[in-house]
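Each of the next two complexes has subunit A plus one more chain, namely subunit B in the first and subunit C in the second.
Take a look at the complex of A and B:
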């Protein structure tokens, strides 16, 4: 923790403070909503990054775990009355367990085969949710009671605020976990797997174990976010929550910001999510935001193939180096 | 220490190794030679767990290892280099050294990735191969020979008893070859056992105490370097049969 703060402490402090006071100074429901969605996008991209960025396994199917978390939390709320803000943290572990099993199966494939298997995962989950209609209510979806606490619903002016703070907590935990993993032996092993899996195995890394664990961890935060999301909207249906586009978006956000870096996915989310909302707000609910998303990604890939953050930090390092070389000369 | 019994491996219809038996004595430097395609690398890959053999057994210190994962075999004390050097290219040289450090238990898995004492040990080994000044460079920025040395030094981090070198001198300049040979001899003095695949005959003859010759996936000869050099079967495998040679 100390080391995380010592290197970037000032910036983290400013960002955290801004996010803490955001709902107090920004009273607009719309902007509060966008901020919740932005932080959620950052959570999704960061947790995807644990597997896709560090270990280099591109999953386009992590929406499956997002949706599973959403369904588990909604069902637990409706059947047992468990409050989503509490239950989502525990039900996330169920998602993790499911992910360990699915990871153990799917991680036998590599490269594009793995991508296809993960996409299939989303469709399988959607089919199950559609057809287990006596539990999941099928295509009609699940509705939860209006958000509140202790039987008292929150007022419309206040309703986004609790979601803002719980999403902020989740974002902090996700970033901390991602940082902790990156610093550990485990993280070093994941990077080694990304670089050369066979070599990693040859020098004594149990690559299957590492990959499956990374798969599970990344699914946990997905599941928790899905749980909060289902309560935020109070309604979910299989089409809506098991959406391949959700899985693709988090990947594009991570790539945009800088895949495999700690802060890249967060940066990508804080650029793309507000931009997307602004475009929808300005041009209406056409699919133009997808076009613009694609355009931005194209430009970034052309000029910063590693993503925004690695390119910027490289440039800064180069300048520092140049400065250091110049300094001794008379 | 290592015993290979009657192992075979076929890829489709091609028998890469068929019914090959050999053994490596503890404390020796054993050479494994043979023409291209004679099955040397396939044998290496079977010993290190990359290919499961179709039949036969491999014993390390009398324990069967033929069904273990490469990572498990590495933990049993076999380290290897690759014919074409393999490093974690975008990781620093130091990180390349740290990844092979052996660790067990969940707590260690999530502990600090690069520990002070590991770093010191890595720097010591880098010093041995004369590359300390590159410790923070990405591995892909090094020259070909330097990369070979890093791969070699990184293997030592997991402290293997038996080291398999796949063409340590391939594409390396003569000065570097001398350096690698010196290292192997020094480490052998300290008790490490080596199995070396190499095409550079001068290196093999000078370095190895015992030589095994493969051809068409089978062992055709073994013995001391001097005996191998004059063995007609070996000459035939390398140069073709005498009638052809005469033509």
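Take a look at the complex of A and C:
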């Protein structure tokens, strides 16, 4: 913790303070909503990054765990009356358990085959949610009562505020976990797997165990976020929550900010999510936002495959170097 | 779950075979592209839908028959494919690692454009013979599916002749076998890649034109179709054309059987389960070689 704070302490403090007082200053329902969604996008991209960034396994299917968390929390709320703000943290472990099994199966594949398997995962989950209609209510979806605490619903002016703070807590935990993993031997092992899985195995890393754990951890935070999300919207249906596009969005955000870096996914979320909301707000119900997302992803992949943060830090390092020593002749 | 009668079972298998032929056409281009370029073109489903919309448009404006419109959609999409390979895909430095994300981005971009232009209304092309059914020994053959199957076989035959009988085909096959060796003996691999991508997308165009009269679709159907065709080529063995053909028939029949024996709603799961199981237990597929991919 100390090391995390000592290097970037000032910036983290400022950002945290800004996020803490945000809903007190900004009373607009719209901007409060966008901020909750932005922090959620940062959670999703950061937890995707544990597997996709550190270990280098591109999953386009983590929306499956997001949706699973959403369904578990909504079901527990409707059937047992468990409050989502409490239950989501525990039900996240169920998601983690499911993810460990699916990870153990799907991580036998590599490269493009793995990507394809993860896409199929979303569709399987969606199909199950659609067809187990006596539990999940099928295509009609699940509705939860208006958010509140202790039987008293929150007033419409206040309703976004609790969600703001619980999402902020989740964001802090996710970033902290991502940082801890990155600093640990486990994290080093994941990076070794990304660089050369064969050699990583040869030097004694239990690559399968490492990959499955990374898969599980990244699913946990997705599940928790999904749980909060389902309560935030009070309505979920299979089509909506098991969406491949959700998976693509988090990948785009992580890649844009800087895949494999701690802060890249957070930065990407604070760029893409407000932009996405602006596009949807401006162009309304059309699907042009898909084109804009796809286009941005395409441009980033082609011209800045490392993402914003690594590109920036490279540039700064170059500049510092240039000041000290002569640039080496090519 | 009820066990159907023999008559219903045979009828179902017939429908499965007919649909399987169309699946074979749709996935042939995908497996060819993978064979030559080691690129999984996730945008294949989007190209199918693009062709389906073009066919729908042509039919609405001029009344052109969906099967005949292949003669227009295929060259059009060949050109589009060639351009995309030449100016986007050829720039990728590490295709095995990033081509999936790039083609996915392409798919999302196309889906957004199609959704914007053609809205979300579910479409389908209904030529005059749309509801006609041929009867043969008490078995029913819907005319659209029969025609689709015949057209699919015809296009596949043309593809086969191009691959086996022309110099271009020889160059493509050589590149599939060994890219470097092909280059050494004078094959212009860059050119072959661009042309293969074009041909692959052209077969998707033919498949999409047939799709438009057999199924209903809108822009977001592309995600459903890409998983289907991906399952086909994974089961068949990525890069293997005969494999894709066999797998398409198997999956077509299995899908129809699930629809009858279980329910219609569960039938798409056949594709996802086969995809999952193949990649785990037989990653090389039915007829593919083991490709060591670097993760």
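Keep this in mind: the second predicted complex is superposed on the first by the 319 of 330 C-alpha atoms of A that agree within 3 Å, B and C clash if a C-alpha of one lies under 4 Å from a C-alpha of the other, contacts with A are read in each partner's own complex, and residues count from 1 in each chain.
Methods note: a residue touches a chain if its C-beta (ideal position, glycine included) is under 8 Å from a C-beta of that chain, and two chains touch if they have at least 3 such contacts.
Owing to the predicted nature of the structure, the values given are computational and were not obtained by experimental measurement.
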Subunit C versus subunit B on the shared subunit A, clash or fit after superposition: fit
Which superposed partner A:191 touches (first subunit B, second subunit C, both, neither): first
Touched partner set for A:290, first subunit B, second subunit C, both or neither: second
Which of subunit B and subunit C A:301 touches, first, second, both or neither: second
Partner chain in contact with A:113 - subunit B first, subunit C second, else both or neither: second
Contacts of A:204 with subunit B and subunit C, given as first, second, both or neither: first
Subunit B versus subunit C as contact partner of A:241, first or second or both or neither: neither
Touched subunit A residues, subunit B compared with subunit C: C
Partner chain(s) touched by A:180 [first = subunit B, second = subunit C, both, neither]: first
Subunit B and subunit C, minimum CA distance [Å, superposed model]: 11
Shared subunit A surface residues [contacts with subunit B and with subunit C]: none
Residues of subunit C touching subunit A in the complex: 40, 88, 91-93, 96-102, 104-116, 120, 219, 223-224, 226-227, 230-231, 234, 263, 265-266, 268-269, 271-273, 275-276, 279-280, 283, 293-295
Residue ranges of subunit B touching subunit A (in the complex, touch as defined): 48, 50, 69-72, 74-75, 79-80, 82, 86-91, 95, 98-100, 102-103, 108-114, 154-155, 158
Interfacial residue positions of subunit A with respect to subunit C in the complex: 56-58, 60, 105-106, 108-117, 119-120, 123-124, 127, 130-131, 193-194, 197, 244-245, 248, 251-252, 255, 286-295, 297-298, 301-302, 305
In the complex, subunit A residues that touch subunit B: 180-181, 183-189, 191-192, 195-196, 198-207
